[in-house]
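Next come two complexes built around chain A: one with chain B, the other with chain C.
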Partner chain A sequence: MSQSYDRGLVEDFGRWKEFSAGMWAWVFHKFTGWVLVGYLFTHISVLSTAVSAAGNTRAIEAQNDVYTVVISTLESLLVVRILEVGLLAVAVFHILNGCRLLLVDLGVGLDAQDKSFYASLVLTGAIVVASVPTFLEGVF
Partner chain B sequence: MSTQIERERESETETESEADAVTELPSAQEARMRKKAEARADREERAREEAQERADAEDSYHLKVFRYDPEVEGKMEPRFDDFHVPYESGMTVLDALIYARDTFDSSLTFRHSCRQAICGSDALFVNGSQRLGCKTQLSDLDQPVRIEPLPHSEVEKDLVVDMEHFYDQMESVEPYFQTNDLPEGELEEQRQTPENREKVKMSTRCIWCGACMSSCNIAAGDNEYLGPAAINKAYRFAMDEREGEDMKQHRLNIIEQEHGVWRCQTQFSCTNVCPKDIPLTEHIQELKREAVKSNLKFW
Partner chain C sequence: MAERYSSFEEGGTRWLWQRITAAFLVVVLAFHFFLLHFVNHAYEVSFMASSIRMDNLLYYSLMILFLVTATFHGVNGVFNALVNQGLTGRRKRAVKYVLVAASVLLIVQGVRTANAWAGISLF
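Up next is the complex of A and B:
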C-alpha cells in the first residue's frame, strides 16, 4: 500500500516478534510448501537417473548402474541424511497443518486454532526426533 | 480526572476570547489584562511543572508516541516522542494520550470521541498490536508503551490515519438492509426469528474502527481485497433470512469475486485484534462455504 511517509524497515520486517499463532502457521505453511516444491525437482532429477540405467541388466545386477551409484553416493553423505531429516520435518508439519487448515475451512474448532497449531508443531517435533536414528543409521 | 480537563479547557477558551478583546481595550484595562494573563501563564507553568514532577515520581507510565506532521517543517521526519504520564487506577491508553495532549503538547493529534468502545475512532497500534485506545488498560501493557498509527494506511498526522479506503471497502458490500419480499399488508413488520438473530448477532457489533483491516496481511498486500470488516458486514446481511434468497445470491456474487472472500488465508489476525470480539475468520469461512454451495451443481 502506498505510504505517505517511511516507517522504516520496522514496518515490513520488525513485527515478527508480535506475530500470533495463526500468522506463524501461515508463514510456516508457505515456507514448507515452497520447500516441498523445491524438493520435488531434486526428487525428479535423482529418480530420472533410473531412465539411463534401465535395461542394463548386468550393471543393475552388479549394482554399479547410474541410478544405484547416485543413490548410494547420496545416502553416504552426512549432509544428505541431515537434509532428509529436515525434509521429513517440513513434510510432516505441512501435512499436520494442512489437516488443521481443512478443519478451519470446515469451520470446525476455530476457537482452538492456535492450540491445533501448537499441537502440530509439537507432533512434528516428536516425529522428527523419533526418526533421527533411522535416518542417520550407518552414516557415521 | 475528567473534571480537571474540563476546567483546563475552559480556561483555555477564556484566554483566547480575552486575548481577542485586549486589542480594542484602553491601556489601563489592557495593563490589567496583561497582568492577569501573566498570572495565568504563571499558574499554567506551575501546573505543568507539578504535572512533570508527579510524572517523574514512580507512579508514571512511559509512553512513546509516534509523531509526524507533513505540514510543519522539522516535523516531516517521523519520530517518537516520550511522555511520562502519572498513572491513575483504571487509566486507559486513550486517557494517557488525552493527558499528554492537555498537559504536555497540545499539538499531539489523535481521534477519539465516545471513550467507551462504541464510536470506533481510536484504533491505534499499541505495543505491536491493533487495539482500541479507550478499551486498553495501561496496566496490561509493558513499558514503554509504544503508540503508533494503524499500520498499512496513510498517516495524516501523528496518530491519525486516512480511513477513506476502509470506508470505500465497507460501502462496496452494500452495508444496508435490502429485500424484495416484503410481508403482506402495508404496516406488517419484517420479523426475524430469534435463532436467526442469534446467528448474525456477533456480526452486527462492528464499530468500523479498522483494526482488522490494518492487522490483515492480505489486505496490506492487496489493496482491492474487501477486508475482514467488509466481509463481516456482508455476512451480517447475507445470513439475515429476511432479505430473501435473491438478495443472498446478490450478496454472495459480490463477496466471491477475485478480491473477495477467497483472498482470506485464515491467519486469524483480524479475529485476534477485533475489539468487539467478532469471530471474523469464522464468518469469512462460512461465506466461503456458502459461496461454494451456491455454485455447486451436480447435474
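Up next is the complex of A and C:
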C-alpha cells in the first residue's frame, strides 16, 4: 500500500545530518547523473576529432592522424587516467544504484532498500580499487 | 514502508522511458567500459583500432543505439531534476527546447563520428 510522506526538501542540503540512506542514494544518483551527462557531451566532442582524421589514410596508417594523436596525448597524462578512475567510480555507482532503483520501482526488496544502497557503495569501492592497476597501465 | 525519493512523477511517460533506457544502459555501459578499458587498453587507442570495431555492423548499430539512449536518459534526467526543483511555465518550455536542441546536436555529431570510423560518408 502506498503512503505519502512529507520528506521536506532533499535539495536543502543544510539538512544533510538528517539524511537517511534513501536520501543519500538520491543525492549520489543525482550527482553521478549530472557528471555522466556532462561527460557524455565532452566525450563526443573529443571523439569528434575522428571526423577530421577520416580520409587521411597515410596519417591513419602511420598512427599520427589528429584523432590518434589527441587521444594518445590525453591518455599519456596521469591526471587524465586518475579522472578516468573517478569516471569509473561515478559510472559503476550509477549503474548499481540504477539496478537498485529498477528493483525498488518494481516493488522488489523495498524493505532492504537501505542495505542495497550500502551494498552499491561497497561494491562500487571494490570494483574501482580492483580496476586501478588496469586504468593506470602504461602511464608511468 | 520506505519513503520514495525520486525526481520523477511516478507512473508518468518520462519516468517509464527513463526506466526502459536505464535497463538497456546498465548492460551496454558496463560492456562499453569493459571493452574499451579491460579488453582494449587506453594506451592502445588509435583511429585504425576504432575503425575495425565500427566496421562491424552489429557493433556500429549498438553504439548508435547507445548514443541515442544515453542522450535521452541523460537529458531526460536533467529535465526532470529541474522540474523537480520547481521549474515551470515559460522557463520550463525554454529549457525543454534547449535540451532537445542540445540532444539533436549531440546525436548528429556522434553519428558523424561513428560514420568517420566506419568509412560511411553521409554528411
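The rule is simple: the second predicted complex is superposed on the first by the 127 of 140 C-alpha atoms of A that agree within 3 Å, B and C clash if a C-alpha of one lies under 4 Å from a C-alpha of the other, contacts with A are read in each partner's own complex, and residues count from 1 in each chain.
Note that a contact is a pair of C-beta atoms (placed from the backbone, for glycine too) under 8 Å apart; a residue touches a chain by one contact, two chains touch by 3 or more.
A quick note: this is a predicted structure, and the numbers were derived from the prediction, not measured.
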item	value
Touching partner for A:26 - first (chain B), second (chain C), both, neither	both
Chain B versus chain C as contact partner of A:18, first or second or both or neither	first
Partner chain in contact with A:36 - chain B first, chain C second, else both or neither	second
Which superposed partner A:105 touches (first chain B, second chain C, both, neither)	both
Partner chain(s) touched by A:62 [first = chain B, second = chain C, both, neither]	neither
Chain B versus chain C as contact partner of A:44, first or second or both or neither	second
First (chain B), second (chain C), both or neither touched by A:114	both
Superposition-derived comparison: chain B or chain C, residues of chain A touched	C
Partner chain(s) touched by A:76 [first = chain B, second = chain C, both, neither]	second
Chain B/chain C common contact set on chain A	1-3, 5, 7, 11, 20, 22-23, 25-26, 101, 104-105, 110, 113-114
Residues on chain C engaged by chain A in the complex (per definition of touch)	1-7, 19, 22-23, 25-26, 29-30, 33, 37-38, 41-43, 45-48, 50-51, 67, 70-71, 74-75, 77-78, 81, 85, 102, 106, 109-110, 112-113, 116-117, 119
Of all residues in chain B, those that touch chain A in their complex	68, 70, 78, 128-129, 148, 151-155, 217, 220, 223, 265-269, 271-272, 279, 281-282, 285-286, 288-289
Footprint of chain C on chain A - complex, ascending	1-3, 5, 7, 10-11, 20, 22-23, 25-26, 30, 33-34, 36-37, 40-41, 44-45, 47-48, 50-51, 53-54, 60-61, 63, 65, 67-68, 71-72, 75-76, 81, 84, 88, 91, 95, 98-99, 101-102, 104-105, 110-111, 113-114, 131, 134-135, 137-139
Residue numbers on chain A that touch chain B, as the complex places them	1-7, 11, 15, 17-18, 20-23, 25-26, 101, 104-107, 110, 113-114
